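Two complexes, one shared chain (subunit A), two partners (subunit B, subunit C).
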Partner chain A sequence: MKPLIRYLNTIWQITRKDIQVEWRGRQGVPVMLVFALLVVFLFNFALQLSPELQAGLASGLLWVSLAFASTLGLNRSVSLERENNAMDGLLLAPVDRSAIFFGKSISNFAFTCLVAIILLPVFSLFYQQNMLSLPLIGIILLGVAAYTSLGTLLAALSIQTRTRDVLLPVLLYPLALPILIAAVESSRGVLSGQAFADLQSWVYLLVACVVLFNAAGLMFFETILEE
Partner chain B sequence: MSKKPTLLLLFDVLSLILIPAALILILFFTPVERVMGPVQKVFYFHVSAAWAGMLGFIFAGVAGAGYLITRRQTWDWLSLSAIEVGLVFGLIAILSGMIWAQPIWNTWWVWDPRLTTTAIMELIYLAYFILRSGLDTPEARARLGAVYAIVSVGTVPLTFFSIRLFRTIHPVVITTGGEGGAFNMSPRMLLAFFISLAVFTLLLADLVWHRYRLAELQTQNKQEA
Partner chain C sequence: MENQAASHALQIAVRGLVKRYHYHPVLNQLTLDIEHGAFCILVGSNGAGKTTLLRILASLSRADEGRIWIGGMLLGTSPLLRKRIGYISHHTMFYQDLTAIENLRHYARLYALQDIDEKIQAGIQSTGLTRAQHQPVRTFSRGMQQRLSIARALLHDPDILLFDEPYTGLDQEAAQSLDQKLNALHQAGRTILLAAHRPQRLISIASHVAWLNDGKIIQHIPTSRLADIPDLYHYLQEAA
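What follows is the complex of A and B.
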């Protein structure tokens, strides 16, 4: 069992490093949060939402704002490594490179969840609807896990191009569509009080996405980073 | 410069003969659908184009895996060619679908899950070219392109599954209900349909091969210059 423990430790060290950098600089999560709120306000103006419409759209808006905000964090998490050639340091480390993927993926997951935790009470306030329910939080955890693992993979891909971080949304949004559809639909179901039996296929789809994209990261991260 | 393979020439000739033949078959041999009228005949090439596009994308993913395993440039050419040709077939499927939808649904476009996901699939593969154009070396283009092609081919079925959970107004011709599935078509329609599918598959192979040869010749040309 020793290699496994060492592998998990590597993942933890990378996650810890990212969290430490964020804690000391506090430049990622606040930007994501403000951006997410701006998206919510923009949509309200752009779509001229009437109060009846608002309630039904809350879950959609929540996921759109989370997805947009998360992109900022994903870009930052790789461009940060690029800036001072820190990536070379990571690549030189005698560890399995998929551990770098999982480490980064977990820290991105943590940052996006943090944004979501702050957004939930705000949404409850704005849309007159209690969104602090356990099932919804569970769905958010699943959806964000799938989204950030796919995002981490594609961010590592897009950072190697000449267009750098501009490319990430173009690659990520269409591929993340099944995650977003499943997340929005299951959140809407939970908020309107549907039984789990009606929603389980959406939840299973989310679980499938988490498994699939993490497997993709495990398989391809090494290939993406080789130079 | 390598000579054009004889088999490719055969594919060219067969495509040139069989596509008009299939068209004649569809126009004059198949019965006119009772409710929709003649516009239903769009169906044969519409489904065939969608099929060919999908097949191209799946093949691109397989070729991408081939590249990552063997690291031979030829696999990358195949993957790139299949996506490029698949993209065109996908576009044909969408456009022909719109032509059908205008009289039947009374609108060119509806935000139906099936239509939306097909459009998204096109966007996924458009992004493939943006990704490639941002990379400098052929090696990076091939390596990252292969990863992207594989991840995409894994996501597309998920997207299609996710729309199955929605109610769609798109006609479902092949039903899985009953014993082993069934086609809601008359025998003549069925025959024309399968011939269209076969012809489009042949055309796909022909075009992908041509595009592959183009990539090959481009590389040779660069090396000679």
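What follows is the complex of A and C.
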């Protein structure tokens, strides 16, 4: 098998295994989804906002619920590999270890996107916004890709520590601030009907984050995981 | 160059290995040679560095200093070298919600093996888990998980096997079954390095004993010469 094909195959095998484990156990996505929906319901009923204020806050609330739900998924992703030292089984395989990063990053991305697919219609209903527009979906894909690639990298870092359960959000939220700010601003722009030219700096920042954190995973994942 | 030349004749050659945790050396200028087909028991008290040494040999941990050759190739130069190594510890490395077959298939795909189904069935049958092969690993006893773990480690047909305390949590019957399996693997010509806190049961099967103390191998002799080293002999008696 050619090296590139073998590398891509390894990525697919890791992703497939994560999806298979999730399908069998159903311990990650349902919890993420319930949590995200609870955030939507709680903010909607607790704040009792006027329609104008709801429109302004919708993008922020969307990203808060997605980010928190995704963090739950990332924690689950870590605990899955920690149980019975399953991560050692992946590290023993004769493959470039950065493939493990991409495989897990893609599965985390897929799980968060699945939550977003269910969340968006609910959000549209509660906040009276059309959340099912293509530009918004594009921004969500970019933002989730950046967030989950950074999260996967930090989850690997936290797996080595005793305080792993609390360390991930403590590390992740400050470092994810540029992603969240760019995602919220560009989503708000799309929802208020702004032209792409007005939003492009935020979108480019999201693209830069995707490239940066995936490159960091490619370069540092093996170093992070080796004791 | 001399070290490298010497390492070609050996299956495992370790030179000047140092590993520190929080500036404390767990392995300190450790040197060890394991020949092709040897079955070496690694003994030593708790915290002597047995697990650390095995994890470094399996590429799960990084040494601070020193070099390791596996079959004449320098460890760390290619991920493909890991294909020659099978590693078994008391952690089974299985996904509990997947069945035995699904777990083995996942590992077989990571190793890019050919004829996966045949190899998995051969592994399942050799470990006597045929009836439980479609059950989630979560439902397996400790002994069954350990047998499946051996099937996982042998799936890619490695010539070097590293065992880290494989008897942990096994009952008498499962331990005897593991004795037989180890003996069969040794007879089949695999090179085995096994760390055990209580190694007495393996003395009759193994070919060598290496005594790890203070981060160094202080004795490494054939089991037939154990009586010549009273300190090691007494240590093994006490450990039993």
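We take it that the second predicted complex is superposed on the first by the 217 of 227 C-alpha atoms of A that agree within 3 Å, B and C clash if a C-alpha of one lies under 4 Å from a C-alpha of the other, contacts with A are read in each partner's own complex, and residues count from 1 in each chain.
Keep this in mind: a residue touches a chain if its C-beta (ideal position, glycine included) is under 8 Å from a C-beta of that chain, and two chains touch if they have at least 3 such contacts.
This one's a predicted model, so the numbers in the text were calculated from it and none came from an experiment.
Of the two partner chains placed around the shared chain by superposition, neither subunit B nor subunit C is touched by A:Gly193. Residue contacts after overlaying the shared chain place A:Gly89 against subunit C, while subunit B stays out of touching range. Shared-chain residue A:Ile224: touches subunit B; no touch with subunit C.
Within the superposed three-chain model, A:Gln160 lies in touch with subunit B and out of touch with subunit C [touch as defined at top]. Within subunit A, the residues touching subunit B in one complex and subunit C in the other are 226. Put simply, subunit B touches subunit A in their complex at residues 68, 117, 120-121, 123-124, 127, 130-131, 134-136, 140, 143-144, 146-148, 150-152, 154-155, 158-159, 161-163, 165. Remark: subunit A residues 1, 6, 9-10, 13, 17, 20-21, 24-25, 80, 83-86, 88-97, 226-227 touch subunit C in the complex.
Subunit A makes touch with subunit B in their complex at residues 150, 153-154, 157-158, 160-163, 167, 170-171, 174-175, 177-178, 181-182, 185, 201-202, 205, 208-209, 212, 216, 220, 223-224, 226. The residues of subunit C lying in touch with subunit A in their complex are 55, 58-62, 79-83, 85, 87, 89, 91-98, 102, 106-107, 109-112, 136, 152.
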